[in-house]
Amino acid sequence: MKHTKLLVLVVLLLVSMLAPAVKAQANTLTIASGTDIENTNIHLVTSSPSFSVLEHIYETLFNMTPEGELVPVLAESIEATADNVYVIKLKQGISFTDGTPFNAEAVKANLEYMLDTENGAAFRFLLVVGGEPAQVEVLDEYTVQITTKFPFAPLPAHLSHGAYAMVSPAALAQGKDFLASNAVGTGPFVLSEWKRDEEVVLTRNDAYWGEKPALEKVVFKVVKESGARLVEIQSGTVDVAVRVPPADIPMLQADPNVEIMITPGLRTIYIFFNVTEEPFTDVRVRQAVNYAVDVQAIVDNLFEGAALVSRAPFAPAIFGYSAQEPYARDLEKAKALLAEAGVAEGTTLTLYHPTGRYIQDALVADAVRAQLREVGLNVELQTLEWPQYVPHVRRPKPDNDIQFAMLGWGVPTMDADYALFALFHSSEFPPGFNGAFYSNPEVDALLEKGRSTLDQEERKAAYAEAIRIIWEDAPWLFLYSEIQVTAVRKNVEGFIVHPDESLIATFASKK
Amino acid sequence: MTASIPTDFTAPKKTFKLPTSVRRLIRNPLAMFGLFIVLTFIFVGIFAEQISPHDYDLSNLSMARKGPSATYVLGNDEIGRDMLSRLFHGARISLTLGVISVGIGLIVGVFMGVVAGYFGGVVDLIVMGIIDIMLAFPSILLAIMFVAFLGGSLQNAMIAIGVLSIPVYTRLVRSSTLSIKEELFVEAARALGANHVTIVLRHILPNVFAPIIVQSTLQMAVAIQAAAALGFLGLGAPPDVPEWGNMLQKGRNFIFSAPHIVLYPGLATMLVVFGFSLLGDGLRDALDPRLNR
Amino acid sequence: MTKFIVRRLLLAIPTLLGVSFLVFASIRLVPGGPAIALAGELATPEIIEQVNRELGLDQPLLIQYVNYLGRMLRFDLGRSIRSGLPVIEEIQTRLPRTLLLAVVSLTVSSVLGITIGVTAATRPNSLFDGGSMIFALLGVSMPIFWSGLMLMIFFAVLLPQWLTSIGFPTGPILPPTGSGTWQHLVMPVTALAANSMAIQARMTRATMLEVLRQDYIRTARAKGQKERIVVYVHALRNAMLPIVTIIGLQFGTLLGGAVLTETVFSWPGIGRLLVDTIGFRDYPVIQGTVLTISVGFVLTNLFVDILYAYLDPRIKYS
């Protein structure tokens, strides 16, 4: 008996001794990421994991710092020469890794690639103002002029979006197929290998124009299971693990080798009420549901505090934020409001929700359902896969009979215009993003003002008023903003998790 | 002699020696153990409401992911509902799902098998062509694709699993039909003016009854396992439904912080599948003396 | 023999055509197209229309299918909508991984399964017989994804905890997911092999029992041959037929059926590729993958049939 035990032990130790073959190396930073990149064409990808990887290879004209400050990268400066005209000066002496010089023609080629409807870029709309694409002109070798139909305050911020990064014009000319698996940029790293569904390997660009990174190699390793990412970070086979499940935060906090990074995100999760469908035509019902759901308890118990209860329709880090008093749970008030509105006990409602798209999305939908049961609402959950989900909840009238549905909205530009206009302006009814069919002339006017005024204080005031009205009208069940929880080994320094979900390894080093 | 291997039919027998088979079954302790599990499962499924200690649907967020305690014997699930009561209701869902999907497979499969075997020719060619297409693909992937395309729901899972069990029955019934229809007694019946339906109902089906019973018991095990697999891939019921595979799928995110959420539904699935398999094996041995040792 | 193979291959063509058409048509008839998945939540109707035009999805179904067949004849399976890479390439990177998993787990399970089955059959109704058969049945009854998770908990959490508590501090014993080294293979192979081994053991036991009662076995024994030779050479050879059939069928199933294991262990195989791309409505990849799996399935069945003919003593000795 003793022998068997010893034998087992010896075998296991042997196995574990053979295992370190996968241990991380000193100049390589390995990041356990949840999803593989879609492809390497930064103009066409849409997921944040793709941008995270590609933004190490490609650079934008401007960058939004984690603090929300717009700083020039490939641009030198930007200036509004008229209400609707911006002139951008570019940095000189930069070339793409294939030797092509970076200049005004390159900027024009990239912006026009984005604006060409033939390319089907999802983020094309960022440079479309009043239905018309922006006009890009080359003034001299290092100066570009952008003209929009109307004055458009968020334009510089929109140019900081990863989709507007600069790709070598020579590579652009080779077409989509080439760009899908090749990346030629100006950034601090170059693409060295992409093993589908396994890993993307980046190596340092030794000819980089800026300060060169300390790391020689960055590996984005695809580890889909969250549990597996935990095991990897704890055993040191990776240096960074993204999307730590909230329930496992305590376990990692107890690990002396791992540090938890908490980064408030830019994405807000909400459930919109279709205000044109019974019973949500009545503001009292919408408010009642807000009172019935204990968002604080969801955040505390299901997220272990790793989410922010919403106090506005978007996250605090975004320009124009103005906090409201949250609807605290009040079952009596909720029941009273429902009774006033004539909603009978046992009324059946259908809640649509996605699964696997946002952190614990299905879990939250289930919790909301369970809580509404306590005020006598019988909620049926409808789960749809993402490709079916979006078109379904965004069908135009009269096909659209959604009662309420869960969605998330990220604001990569960190500006209230992006956060509010598409979701609450009456011109954005489905197939646009205003799934609630919310329409309030006052809000419309305020949102229009916010987008066409260049004075930041005036904009702020307009958005504060719009948020106040929206909060009262309650076209949403206001839920929470996501917080990104990232686990990093203690010997890693300088790793940045951006609120927009980008992971930045450029300034990282390992002790 | 009543043989369950279809090609072995030598004598026409509409009745089978039930008493003998039953005695054989009772003498098999493993089969009886299987029967015990199956009966318990059916009992729990039917009386889930009555025997559940708590409201299976009542969530208490502050109890989320809590391990076993005196009040909640098997602990709480990811949003603080009672695991035990949910497992009981899960048994009801698995039972319904198993019966309906096996029913679909059985009815469609037997019909196709009889038609193919009895009429032969082009009909046979077409039916078996369809079956070949279905068999040219791993059945679980077939079910996954089916449900993924139609949208995840319990009904779709039932249909998918039902559809994938069609070929088993079709093949079984077709080969028996082929051999039986050449028998003298069938020809005699035909000569006496019996129509197709009568011949099929009175002479052919009774002869495949035994293997169908055996197959259906085993198929219950397959169906319950397949349902759990679909649920695990997130293709079954909505997240609030306590289907076992569904519970596993959601618990999988908490395997380190709350392993009990994954442990129990998996154990339950295993036990029930084990029970049906034992019973199915026992029935086969009991109804097929050739294998009786 | 060649004639037989050619005939079987020709017979497989209508089946494969049927499979490909069914998949082709069904994925296009259900709601939710690749355009949405491609452009995400930001897709506007113009983008969707644009993407659909580019993918040729605005044409009638039959024309699309005929075009597809035409391209297939030139071994062009199209390009992935999601990645823009050729489908052939997508499959090439995944298939070897699935094959590796299938071959290794089937080898492990066959060796163990047949050994257990034979041993049980030579001692019918013994403790070993009863015990191993109950375990075998339990092995089949375990949902494979569940046993995968349990292995993960065991090797990643429980075992290290225990080892640490008795004075051998250690991290996770085995890499929980991914592929690349032999350590990565251990858990998925264990999960898969436990399942297929059980089926093989049961099948081996049943056939061996039957074979061992045959006259020629008695003759061999009477001739004074060693029991081991009687069992493993004379009997097993004749019991191989159904065993080989089962192993062949299992191989076919593993080609696509490993999807659950691949999911649990993030193993980048072909089953996983299919499930992922279904969620993405990546039509060309779905079609290519389904076709690959079906071809693999059909070829495996053919191979089993040939082996059958080779092993069958009636064919061999006539």
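In order of appearance the chains are A, B and C, and numbering begins at 1 in each one.
In the analysis below, a residue touches a chain if its C-beta (ideal position, glycine included) is under 8 Å from a C-beta of that chain, and two chains touch if they have at least 3 such contacts.
Everything quoted here is computed from the prediction, not taken from an experiment.
K.L.:
Drawing the touching chains as a network, do you get a line, a ring, a star, a complete graph or other?
P.N.:
complete
K.L.:
Look at the interfaces B-C and A-C and say which one is made up of more C-beta pairs in contact.
P.N.:
A-C
K.L.:
Cα centroid separation between chain A and chain B, in whole Å?
P.N.:
Here the centre of chain B sits 44 Å away from the centre of chain A.
K.L.:
In whole angstrom, how far does the Cα centroid of chain B sit from the Cα centroid of chain C?
P.N.:
Comparing mean C-alpha positions, chain C is 22 Å from chain B.
K.L.:
Per the centroid of Cα atoms for each chain, what is the distance between chain A and chain C, given in Å?
P.N.:
38
K.L.:
Hunt down the residues of chain B that sit against at least two other chains at once, touch-wise.
P.N.:
Residues 148, 252, 255-256.
K.L.:
Can you tell me which residues of chain A touch two or more of the remaining chains?
P.N.:
225, 227, 384-385, 388
K.L.:
Could you say which residues in chain C touch two or more other chains, in rising order?
P.N.:
30, 152, 279, in rising order.
K.L.:
Can you check the complex and tell me which residues of chain A touch chain C?
P.N.:
That would be residues 9, 12-13, 15-16, 18-19, 21-22, 38-39, 41, 46-47, 117-118, 120, 122-125, 176-177, 179-181, 195-198, 221-225, 227-228, 231-232, 234-237, 384-392, 407, 431-433 of chain A.
K.L.:
Can you name the residues of chain B that touch chain A in the complex?
P.N.:
The touching residues are 57-59, 61-62, 64-65, 78-81, 148, 151-152, 234, 238-240, 250, 252-258.
K.L.:
Residue numbers of chain C touching chain A in their complex, please.
P.N.:
On the chain C side, the touching residues are 30-34, 36-48, 50-51, 54, 79, 82-85, 90, 93-94, 152, 156, 159, 163, 168, 170-181, 183, 186, 264-266, 268, 272-273, 276, 279-281.
K.L.:
Show which residues of chain C lie in contact with chain B when the two form their complex.
P.N.:
12, 14-16, 18-19, 22-23, 26-27, 30, 124, 134, 137-138, 140-146, 149-150, 152-153, 157, 206, 209, 252-253, 255-257, 259-260, 263, 271, 274-275, 278-279, 290, 293-294, 297-298
K.L.:
Of all residues in chain B, which touch chain C in the complex?
P.N.:
Interface residues on chain B, with respect to chain C: 30, 129-130, 132-133, 136-141, 144-145, 148-150, 221, 225, 228-229, 232-233, 245, 248, 252, 255-256, 259, 262-263, 266, 269-271, 273-274, 277-278, 281, 291, 293.
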